[in-house]
C-alpha cells in the first residue's frame, strides 16, 4: 500500500463532495490534500469524470509540482496548488471550482460585499477578487503565477490566509482552502451561497448597505473567537 | 425513557424537514419544539450535521436558556427561542434558517411586499423586516436581544404573533413560528417561496402594485376566517 | 366500483404529476378530469398532501359545484373548474398551480410577451393576464367569479379557449386546460418554462423584440396546423 | 441486426443524456449521430418521450433527409441536421435543445460575450447568435433553411465550425455539434452554463469587460492547442 494512502483517500472523498454539493459541471473542479511531513499533496487527475475517480487515481505531487507517484496527469491547476502549499504552511487542503455564482462575481471583477451574518459567520471582510494577471504572467508560467496572484492579493490588502479562506481570481473563478480538504470544500459551498445571496440582495435593493462593524465582529467571534459558542 | 421524549421526537422530525425542503446548507438552521406543561423546549444541538441527528441528540432547555437535559451544546440561537417561548404563550415551535431568498430580503433590509394571493393566503400584511439592532444590544447578550428585537418589531407595527408567523431580522435571516413545530417549518417554506416570487415580481414590473384590500381579506379568510373553506 | 373510476384515476395521476414537475409547493395546486357523458368531474380534495392522495380520495362534483360522490371536501377552487367545464364544452381537464415564474408574471400583472419559438410552438399570441376582479366580484362568490373573469378575458381579446390553453389571473396565479387532464398538466409545465425564459430574455435585453409574425405562424403550424409534422 | 446499430446506440445514449443534464423539458430536444461511411445519421423520433426511447426507435436518415430505416417519423428538426452533416464533413454529432439560459440569449438576439475562462476553455470568441431568418426562408423549407442560416452566420463571421461548436439561432434556441454525439451533448451543457454565468455577470456588473486576449489564448490553448495539457 502506498505511503500516501491517507491523503489519496482524503483527496478522493473531498473531490467526490463537489458534484454532490452542486459545485461542478463535468470535470470543472479539483481538490487536493497535503501531507506536510512528506512534503507532498494528492490531487485529482486532469479531466477524469468524477464517476470514474478512485483513491488510487489521485496523483501525488511535491511543492515544486513534480509528480512523485501516479500514472495519470495531475490537474492542469496543479502548479497553483503547489505554490499555495509552499507559501502557506498551515493549510491542509485546496479547492478550485467554476461554481455558478462565485464565478459570475469573478467574471464581474468585483469583491463580494459583506451584506449579512451568513457572510460574517465566516469572514470579517468582503471576499476579495484578485485582478486579472498582466499579460507577461499569463504568457509565462500561467498556473504558477496564478498562485502568486492569489498570495499577492491578500498581502496587498493586509489579509491573512488563516482568516480569510476564499478568493475570486478575476475573469476566472474561485479558490478556497482550509486546515483540511473537508474544510476547504465546506468553504467552497459557503462561498457559493454567499455569492448567490449577495447577488440577490443587490437586485432587491440597489442601495443595500454593508453589514455594520458591530455585527461583523459579533458573528465572527460567535464561531471563531476565543469565546466562540458555535458547534460542539 | 426521557419524559421529554415527545418533544425530542417532534423537534428531530421537524429539523429533518429543513434539508428536504431545500431550506438549509450544512447546519445553517434549527427547529425547536415546546412542552408548555413542563416549561421546556427541545432544540437542535449546535453545529451537528443533519445526517448525524437523532431524537436523543436534541437538547432540553428551559425558558431562561438553562440546559435541563442533553449532553450536547444547544443551538447558538437558543436564547432567541427561549425569549420567544417565554413571551408568546401560544406558540408550539420555532424555526430559524438562512434560506436563500428570505435571507436576501433580510440583507436588503426591506419588508416583503404583499403582491399576490400566495402571500395573502398566509398573511394580510407585508412580511416585516426588523431593523438591525443597535450596537449595545449586539455587544451585549446578542441572541437574547434578538428575541426582543423580534417581539418589539411586531409591537411597534401593532401586529399579533398569532396572525403573522414569520419575520426577517435585518442583515441576518428569517425566523418563523407556529402552533406546532411542523407548522413553523411549513411557514419557513412558504416564506421562502413568497420571497422568491416577490423578488421576481419586481424584476418583471418595477411598478407592480401591492395586492388590493378586498383580495387580501378574501384569501386570508378563505384559509383562516370563521367561514374558512380550505382544507378538511 | 364507482362509475366514476376512470376520471378518479385520471385526476389522481394528473395531480401526482404536479410535484414531479416542480410546479407545486405543499398543496398549492389542483387538477380535475371531466366525464362529459355523466356531466361531472373528479377533483383533488382540499388541503390533502400529495403523498397521501389516492384515486379513491378524489371528489366527484357536477357543473353546478354540487358534490356527487366523495367523503372529503373538494378543492377550494372547485367552482372555478365547474364554471369552465360548463361553458367550454371541449375541454377535458383543468390545472391550477402557484408555479414560481408564471405566478410572478401574474403578480406583476403583465401578459407574457411572445419572444421565441418555444412559446410559438404552443400559442400564437402573448399569454394573457386577466386583470384583478373588481371588489364586488371578490366579495361575492369569489371562485365562481374567477371562472367568469377567465372566460371574459378571452372573449374581450377575441381568443378561443381551443387555441390558447393557458391564462394568468392577475395578482393570483395561472390556470391551464386541455383536451385531457394530461394535456392540461403539460400546458402548466410549458407555461412555467415560457414564463422563466421571457423573464430572462427581458433581463438580458430590455429592448428584446417580440417574435415576428412569419415565425409565429410557422412554429404553430408545425405542431398544430393541418399539415403539422411534429410528433407521430 | 441493423447495419446502423452503432449509430442507433450512440444516438440513443446521447439523447438520454439531455434530461439527465437538465437540458430539456418533455421532448424539446434531439441528438443525432452520423455514420460517414454509410452516408446516414440516426436521430430521435419526433415527439417521443425520453422514457419511452430505445436504440431501435432511432430513425435512420440520409443527408438529403430521406428516411432510410425506421418506423417512426424523425425529429421535426431533421432537415437542419441533414444540411449540417452534408456541408460540415468533420462533425460526428449534432444537438438541438431549448435549454433555459441559452434559449433566453437567443430570444434576446444577442451574442454571449466572452467574460471568463470557463467560456475561453471552449471558445475564443463570443458565442454567435444568428439573426432570425427572412420571411421567405421561414415560409419556404424552414428547417432546411435553418441549416443554412447557421452555416452562413459562421461564414460571415469568418469562423470555422471546427473551432466553434455552438450557436444560437435568433428567436429560437441553440444548436451544438462535435466530433462525436457525446461531445455535442457536452457542448450543449457547457453552453448552458456559460449562458447562465454571462447573464449573472451582467446583472452583477453592467460594465463588466470582455476577457482580454492574452487570457483567451492561454485558456483555449491549455485545452486545445498543440501543447495542450488538459486531460489525459
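When the chains are written out, they are named A, B, C and D in that same order, and each has its own residue count from 1.
We adopt the following convention: a contact is a pair of C-beta atoms (placed from the backbone, for glycine too) under 8 Å apart; a residue touches a chain by one contact, two chains touch by 3 or more.
Protein identities per chain, from UniProt: A, B, C, D = L-ribulose-5-phosphate 4-epimerase.
Owing to the predicted nature of the structure, the values given are computational and were not obtained by experimental measurement.
Visitor: Any chance you could name the chains that touch subunit C and subunit D both?
Guide: none
Visitor: Would you mind reporting the rotation angle for the C-alpha fit of subunit A onto subunit D, rounded to the nearest 5 degrees?
Guide: The two chains, subunit A and subunit D, differ by a rotation of 90 degrees.
Visitor: How would the subunit A/subunit B interface be labelled, same or different, where same requires over half of its residue numbers to be shared?
Guide: different
Visitor: Which one of the chains is farthest from subunit C, going by Cα centres?
Guide: A
Visitor: Taking the mean of the C-alpha atoms as each chain's centre, how many Å separate subunit A from subunit B?
Guide: Each chain's C-alpha centroid was found; their separation is 33 Å.
Visitor: Provide the C-alpha centroid distance between subunit A and subunit C, rounded to the nearest whole angstrom.
Guide: Spacing between the chain centres: roughly 46 Å.
Visitor: Considering subunit A alone, which of its residues make contact with at least two other chains?
Guide: Touching at least two other chains: 203.
Visitor: Taking the touch definition from the header, please name the shape of the chain graph: line, ring, star, complete or other.
Guide: Contact pattern: a closed ring, each chain touching exactly two others.
Visitor: For this structure, enumerate the chain pairs that meet the touch criterion.
Guide: By the stated definition, chains touch in these pairs: A-B, A-D, B-C, C-D.
Visitor: Help me check something: in the complex, which residues belonging to subunit D touch subunit C?
Guide: It comes out as residues 25-26, 28, 45-48, 72-73, 76, 98, 100-101, 103-110, 132-133, 135, 138-139, 142, 171-173, 199, 202-203.
Visitor: Could you please specify the touching residues of subunit C with respect to subunit D in the complex?
Guide: The contact residues of subunit C facing subunit D are 115-118, 186, 189-190, 193, 196-198, 200-201, 203-205, 208-209, 211-212, 214-215, 218, 222, 229-232.
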